[in-house]
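Both complexes below contain chain A, partnered by chain B and then by chain C.
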Partner chain A sequence: MGAGISRLAWRNLWRNRRRTLIMLAAVAVGVWAMVFMSAMMRGMVDEMVRSGLEQLPGMVQIHQRAYRDDPSVVNSMPSPEGTLQAALAEPPVTAWAARVRVPAMVASARASRGLTLLGVDPAAERALGSVPPTISEGRFLEDEHDRGVVLGQRLVERLESDLGKRVVIMSQDPQNDVADRGVRVVGIYKARLPGDEERFAYAGRAALQELLQVPGQVSEVAVMATDYRRPQALVEHLARAAGPQLEVLPWTELDPFLSSMLDLQDGFSLVFMVVVFLALSFGLVNTLAMAVFERIREIGLMQALGMRPGLILRQVLLESLYLLLLGLAVGNGAAWLTIKPLESGIELSSVARGMEMFAMGATLYPALYWRDMVLATVVVLGLGVLASLIPAWRAARLDPIRALNSH
Partner chain B sequence: MPARLLLILLLSPLLCTRALGADAPTASEIIRSAIDHYRGTTSYSEMTMVIHRPDWERSMSMRAWTEGDKHTLVRVTAPRKDAGNGTLTVDGNMWTFTPSINRVIKIPASMMSQNWMGSDFSNKDVSKDTDIIDQYDHSLLETREQDGHTVYVIQSVPHEEAAVVWGREVLTVRDDWVLLQQDFRDQDDVLVKTLRALEIQPMSGRNVATVMRMSQQENPEEWTELRTGAIQFDVDVAANLFTLSNLRNPRQ
Partner chain C sequence: MNITGLLAWRNLWRHSRRTWLTVGAMVFCNTLLVFLIAIQLGSYRMMIDNTLSAFTGHLQVQHLGYLEEQKMRQTVPEAAALASRLAEEPHVEATAARAVTFALASSEQRSFGIQLTGVQPALETQVSSYPGLVSRGRYLQQGDDAAIVLGSILARNLKVAPGDEVTLLGSGYDGSVAAGVATVVGIIDSGLAEVDRGVAQAPLAWFQQVFALGDRAHSVVLRLDDVNRAPMLVPQIQASLPVGESLVALDWDQLQPGLREAIRSDMVSAWFMYGVLIVLVALSVLNTQLMSVLERTREFGVMLALGLRPQRLGRLVLLETIFLGLIGLLLGVALGALVVLYFDAYGFSYPGMAEAAARFNLPPRIYPQVSLLSLFLGPLTVFLGALLAAVYPALRLLRLQPVAAMRAV
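Then we have the complex of A and B:
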């Protein structure tokens, strides 16, 4: 019996071929839009998280407890040793770097600017992926004893300085005395976000420790691990190794904005899909209502011959289900086909300044997640069948006598 | 350069008759003498600072004490709204006291390159003005005769890691150790600002540059003048003069 009904539904679907095809196209375009837009938004958010993690940097950071309230050199911690160092050498840690991070001034003969001065060990930073992506002039630091400084392109322009010239860096030592020194600009970097070029300057870690009179002390340890979505286990492991004096925090707490963006994204995808579907559902309900309306006499006849209302309901719902399934297949397929070639990146340099406000670079990398395709499918199928209940219910409740007599 | 040096060496016995056969002073000795000359071992001075801009001008009277290279105390006496403001520098660190908020504030590193009380001097110019002695390499560029004095022109190039933004400074010093001019040049050798002695008068037995003007090369209409009204050298200073408690509660 079931097979008979489904065959009937399938054939009914193609009785008005043009109407079905138009509806199919509408469903397919709707599904395509849902998946495509989700992939775009995923791409944007992933990019924000990625650049956020590069900038923090790391998925987990270790600080002295007071550092986050007062990021001065007073609140520094010793470089990792012993158990902590051992814990950092094991998986899932892929890379870690201990760095000095202090507020500082950089001055030239023409101007001076406040920024965050990073005392880094270039090899460790490279493993962490937190070195500037492009060195436009000169070189990056050679090792942690490098006595030069690497400044951002925009900063160099503001200071009217240049490669090979001397600038003065000024900060404070733990006694709050002025610590300053002339340094040569050995490299100029370009950041993915031009604003960062004015916010960060890089110096050799040992050289900076010497200037600030904090030998062997660092401000933070940044840790990169395999899966950025689940840092909690690693945090607990490192916290046990670090001891009570140090604070171990995942990026979700270090940058709550970033993690709430990620949560927001999930909710937003669903809302977007439901909105698109609502527009679609009017077409869907209308199509089915028309199909039922055209077949009133036929349905009446089937009822008169003894067909149960439940089977009629099932037949109309099956019609809708076939339509939706076909539309989903075409829509998902089209989305996959359009996104795959774009995954290498979409150039958006014409609106780069606007994108920068959202902490994004000039290239958008759409990210197609199976989750989004499944979510779109579930939303369309679930709500679609629900919406089809109205015309199906009406068809099932027809009075056979009246139906047979209608024209 | 070697040729000029040779010339100076050859001619020095003729030129330096006044030095009575003593060796010609080296560049760093000249700088040292110039700084000792205007600071003395200790000094007390009363001066007026005039800050000039194209559309306004204001002046401030102040008293200043110095001891050695590392201790300076400046106190504003007029106008009334600024009176009592004080600046103390000890070993390159700098504190200010503002009576209206009754607070001593340590000038943080981040404010060292900002201007001092709205003038064309930076906090650094004020707190580290004697750094030029040991943070620079000095060389004598030229010796010339001018108005009956021998005038030395000295080039001072900061050490590689000195906390100095200038490419070089050129100082013109007269043989009575009055600093006539100090040029601040950037690393492209472009003149950025100049400190110039506009008036020189005898005071307390020394020739003193009584009017010094700091002007920016790019905006000649913006300058700051320090006009010295009185100065005494080698005065007795109380042991507690250059302390934070004295900055807050003046006892002199």
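Then we have the complex of A and C:
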């Protein structure tokens, strides 16, 4: 009997081919839009998180407790050693770097600018992935004793300086005296977000420690790990190793904007899917109601011949289920086919400066997650069957005598 | 109502449940579109207003090339006089001259590199939102000399409060070392990290003296009676500038190119979503109208046999769709307007929005824009989409053969 019902439902679906195809198109367009839009949003947020983590940098940072409130060289910490160093050598840590990070002035003969000066160990930064992506002229720092500086392209233009020229860097030592030194521009970098080129300059870590008279001291330790979505366990592990003097924080707390974007996006995907489904549901209910209406006499006859209402209900639901499954297959397939070719990146340079406001580069990489396809499928099937209950219920409750006598 | 209209109206109610379901799809979509578009336009307007009043103003006069290079020497001569002259131009509500440089600010305990702006205190109040955001102390006043207001995060980093002194060290207009000491008179707390970390303002006259600028400044900022007028006003302002000084008038779009691009990219994704909703509604209408045409094939055959012209049948179906669409339009706009008016009174917010909003200079609550455009743009598009969807069923009627049609089951 079960097989008979499903065959009946399938054949019924194609009795009015045109209507079924239109509804199928509607379901497919809806599902395609759900998955396509989610992939775009994922790509956007992934990109934001990626560049956010690059800029912080790291998924977890360790500071002296007062540093975040008062980012001065006074509040620096010793370079990791002992248990902390051992903890940083274990998985899930993939890379870490200790850096001096101080507010500073850079002055050329023509102009001066305030920025954040990073004293880095180039090898560690490279492992962390937080060196500038492009060195347009010269070279990056050779090692932490390198006495040159690497400046951003835009900063060099604003300072009217150039590769090989000297600039003066000024910052503050722990005694609050101005420490300054003339240094040579050894490299010029380009950042993914052009605004960063004016915000950050790189110097050798040991050279900067010497200038500021803080040997062995650093401002922050940036830690990269395998999965950015779950930093909490790592934070607890590192906090135990670091001791009470130091503060260990995940990126979600260091940059609340990023984590709120991530949460917003999950919520938004679901809301968008439900909204699209609701727009779809009117047509779905309508189609099924029409199909039932046309077959009133037929349903009455089946009931008169002894078919139980439950089977009629099941038959209408099956018809709807087939329609939804076909629509899902076509919609998901179309989404996969349209997103795959775009995964190499969509060029958005015409709105690059706008994308920078979203903390994004000028290329959008859509990201198709299985999770989103599954979510769209669950939403459409779950709510779809729920919506089909109304016409199916009505069909099952028909009075056979009246149904047989309707026009 | 003529006979075709009457017929169309009555046909609509032959299957009242089907009609209401189709109308329901339209009303749902229209209400949603009215709400989304009003919120969208409202947030764009707030984003533009907040960004411009915090940073650039509606229009600026600068030295040619200053926008890109921001060099100390690219100045506007006799800036204060030019500002008061430009204030007389039509549609210009207020003007103020500003000078900008970078300096090392040192308090007793800390030093930071900052961007220092010299402003005309009395005039700045009319073009910028900062004076209203002072949380401690006061804003600069006319007659202040060596005074400075700082952003709240900057003040915290420098460990200063109103009454403390800050030493500023930079380079002057002539390339010499410039140094000055100013007393903190107020702290600005805007809630926007970028502003609170960066802003530092001192009186223009003192600024010009310390940095050896004479009567020069770097820009004259204009606030207009209507922000939308800025592009039209550029030529007029440009024409009134002194010749031979290489000065240019720039509107906010040139000063803040990211703003319009951010709005444009946001619009693309929003219209993708609207487009999907509209297509779904159109498909729903197509389905309904096609069914209603197919089930009446015999009836139409009879009408044709009685001498009705096929064009008239096509008009009938289109008219039915117009009625259908109008009901959806009116109900949707009415319902949408109710929703929008509610949020106009109480503001719109959702959990987690505040952090994201602050990034775009938006307050934590967004107020929708209530206008004819925001109310009707979406529903009218849906209406047109529905009409377009009915074209196919209507065209089918033109090919109908009376005899074959009357025999159809």
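Everything that follows uses one rule, which is that the second predicted complex is superposed on the first by the 407 of 407 C-alpha atoms of A that agree within 3 Å, B and C clash if a C-alpha of one lies under 4 Å from a C-alpha of the other, contacts with A are read in each partner's own complex, and residues count from 1 in each chain.
Here is the rule we go by: a residue touches a chain if its C-beta (ideal position, glycine included) is under 8 Å from a C-beta of that chain, and two chains touch if they have at least 3 such contacts.
Quick caveat: nothing in here was measured; it's all calculated off a predicted structure.
Annotation for the three-chain superposition on chain A: chain B and chain C clash. In the superposed pair of complexes, A:V275 makes contact with chain C only, with no contact to chain B. Of the two partner chains placed by superposition, chain B and chain C are both touched by A:N176. With both structures placed on the common chain, the touch criterion links A:A376 to neither chain B nor chain C. More chain A residues lie in contact with C than with the other chain of the pair chain B and chain C. Once the two complexes are laid over each other on the shared chain, residue contacts for A:V120 go to neither chain B nor chain C.
Of the two partner chains, chain B is the only one that A:K165 touches; chain C does not reach it. In the overlay built on the shared chain, the residue A:F257 is in contact with chain C alone; chain B does not reach it. Of the two partner chains, both chain B and chain C are touched by A:R110. When the shared chain is aligned, chain B comes close enough to touch A:R147, but chain C does not. In the superposed pair of complexes, A:V221 makes contact with neither chain B nor chain C. In summary, superposing the two complexes on chain A brings one listed stretch of chain B into steric overlap with chain C, and the stretch in question is 110-118; the others among 110-118, 128-136 or 236-244 show no clashing C-alpha atoms.
Chain A residues in contact with chain B (one complex) as well as with chain C (other complex) are 103-105, 107, 109-110, 112, 114, 170-172, 176, 178. Against chain B, the residues of chain A that register as touching in their complex are 103-105, 107-110, 112, 114, 147, 161, 165-168, 170-172, 176-184. Contact residues on chain C toward chain A in their complex (touch as defined above): 15, 17-18, 21-22, 24-25, 28-29, 32, 69-72, 102-104, 106, 108-115, 156-157, 159, 169-171, 175, 257-265, 269, 272-273, 276-277, 279-281, 283-284, 286-288, 290-291, 294, 350, 352-356, 358-360.
Considering their complex, residues 92-93, 106, 108-110, 112-114, 158-167, 184, 186-187, 192 of chain B touch chain A. For chain A in complex with chain C, the residues that touch the partner chain are 16, 18-19, 22-23, 25-26, 29-30, 33, 37, 40, 69-72, 103-107, 109-115, 157-158, 160, 170-172, 176, 178, 256-257, 260-261, 263-264, 267, 272, 275-276, 278-280, 282-283, 285-287, 289-290, 293, 348, 350-359.
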